[in-house]
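I'd like to ask you about the structure that follows.
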């Protein structure tokens, strides 16, 4: 249906960007694009390599996890996307990758400290890491529970200010106003993860950035007094 | 002979994929494709750079290590491939590389711990490492003995569930239903090796993934209840 | 105006070189080119990706931070460039990136030791790191103050001999006789930062290069008795 | 002169290979090709970027360091090449790079241990590192003395079996039967340096490879009983 052509095109381009930014080998990542008016989103089909993708192959899913359009099975992480779209009102895209440095922090079960302004340009706190899922939750609906782990991590964090998270033992998820911004946030997260790893190698006692510089960098890019960029 | 055109083509494509995935510099890797009906396999010729390969240059070898077809000398690791095809019934391809992170774990003589779901998506246990070969075995038939070292490491491991191994002091071998899947497993192994290295740098006390998550991820991709991919 | 066509072209080419040398992802870096006769410089517009740049989009700014020509908002780091052009007489270009290894040293708040001749070929001392900016300075004009932090770090260092610096918690700035040389210095700095990181991993007690070799390498490339290069 | 066209072409191709194998940024590496009958070699001109090279620009030098042909100044490392050609009889090419991992070991002043078969495929001992040059030697003819440092390191090592070395605080030099083989050895050295660095990160107590495996791998590639490759 023509109704979904925009989100399918956007989801396609965002998934291709995952590959272009080298955030995943083979099929190890997925992105989706949400249409708030229709209440549906387009997502990568499961297990299909990036160079075999096309806008037509994107799968359209509603917020009850029903397939609305598409011949292929959607990403195995689909239910995680659904739960985030249901609770993070206003986001228009989600990205999940297995980029190496971000995965390493997730596997180390450590939040990524905020060591510098590259980080503060995007968020003023550490990149949060979820709790490890309980055995009881795993036996329920694993992918939905993954989404709930993320929601728990954001009980006291504003998802509009922190657009990325590490799922413990798993890897990064990110979101944003649209699908391409979500992939951008995954690329930024990988860069922050790499910089933090190197920083600790050079100085294991490195201290986090002080609050005044965090705020200065964040608010020159975000909010009504921002003066970064062209609008 | 036309009999061998399929395995020669598959072996050629798999060897080119080693180079494309940057799993080896120069000639530091080889892949083979097996035909169970004919009892022979096609393998890379020894010491020939990837960009000089063609399907015609692949060497066809039987399971007694006789050259059945081909003008060139087969890979120096040929006898290791033979022993694996003889004992790992049902596999259709083998890949051997000298990718840097996997080699480093082999040189460190450490199995790669299972720290996260990227690993559990492919196998539910650590990536095993063989024993170091005895001096007595080295003086026998070195490449055949390398294969036997791998067989020993798999006495209590199912080679259909764990399709990769580190040969101590040497490097990785992997296999699969066909040659391209074997190369895929080598690329996955390199990624797991890199992620595990980084994980330990970030958290030297990182714990292995708990069993429930291992099983969940593995069985959503493998077995009769799998729901990853398109079939 | 045709007056500015040279510096706009030079600034454009220098910014494209940042991307080509992989010194920044997305828009995380900027370069400028100065015309000492006109007292103005051309700089990258803020937040515009490298592949959307053109010479026409460069913004021309004077040393009072007034926009002299250009439709777009200049880089948010513009005032830092201004303060450097005002005080570092004779430089013709400035580059700022967020390359990962240099940022890591800046975040670790450590000067980069001079461990070898790759370093000594370019400067005979460690790469300096600024102090962390005071809260009081942050509340003033942040980007101008960033420039002043650099000036403070160079009170006892000759900016003509040391054409690079790490701004603590932030990242590298470099300069040179023209914009392309400034980008070259950023690429060299990233390489020196990487080599120093690896050196300390291999030998945490590695000692700095002795003075006689520092001088020998520097003066075979610089000064009147230089014999490196073609002039 | 047509006399030199072969070595100029070989030197050109070898220098381009340095860049292709990413063993140096900008002009940080050089290769030369020797003609034993004429007693001269062709080498990269000093400070010229790889993408501006051509066979015609190569400089022909004799073993007294006289320029025999060429409009440009030869590499600043020319005298080091000369001393090696004078003393390492039978070699046909030399390569010098500033590849990051090899430089790091040189700056750490540590020989690279032989941890595995990738290393043993090429040499059966550690990659040697020279002594640091004395102040007195530095004041003499620095580049000739660099060559002498290498000769000293090889007093008890056979340069035909170990075709690479680390000059302390500086970086790697390698040689071989021709210029392209010398560059190949530089690429192998960088890979061995990377693998050894990672091995020690994974297991700081990693032990060197036992002698029997060293010999097995080396002699399957070298000497009269070799069975690796096609000749």
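A, B, C and D label the chains in the order they appear, each numbered from 1.
Just so we're on the same page, contacts are C-beta pairs under 8 Å (C-beta built on N, C-alpha and C of every residue); 3 or more make two chains touch, one makes a residue touch a chain.
Keep in mind that what you see is a predicted model, and the values were worked out from it rather than measured.
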*Just how many steps, at minimum, does a route from subunit A to subunit D need if it may pass only between touching chains?*
2
*Could you pull out the chain whose C-alpha mean position is farthest off from that of subunit A?*
D
*Tell me whether subunit A and subunit C, two copies of the same sequence, contact each other through the same residue numbers or different ones, using over half shared as the line for same.*
different
*asked:* Can you work out the whole-Å distance between the CA centroids of subunit B and subunit C?
replied: 46
*Rounded to the nearest whole Å, what is the centre-to-centre distance of subunit C and subunit D, using the mean of the C-alpha atoms as each centre?*
32
*Residues of subunit D touching 2+ other chains?*
201
*Connecting every touching chain pair, does the picture come out as line, ring, star, complete or other?*
ring
_What's the complete list of touching chain pairs for this entry?_
A-B, A-C, B-D, C-D
_For a test of understanding, state which residues of subunit B touch subunit A in their complex under the given definition._
21, 115-118, 184, 187-188, 191, 194-196, 198-199, 201-203, 206, 209-210, 212-213, 216, 220-221, 227-230
_Quick check on the complex: what are the subunit A residues that touch subunit B?_
25-26, 28, 45-48, 72-73, 76, 98, 100-101, 103-110, 132-133, 135, 138-139, 142, 169-171, 197, 200-201
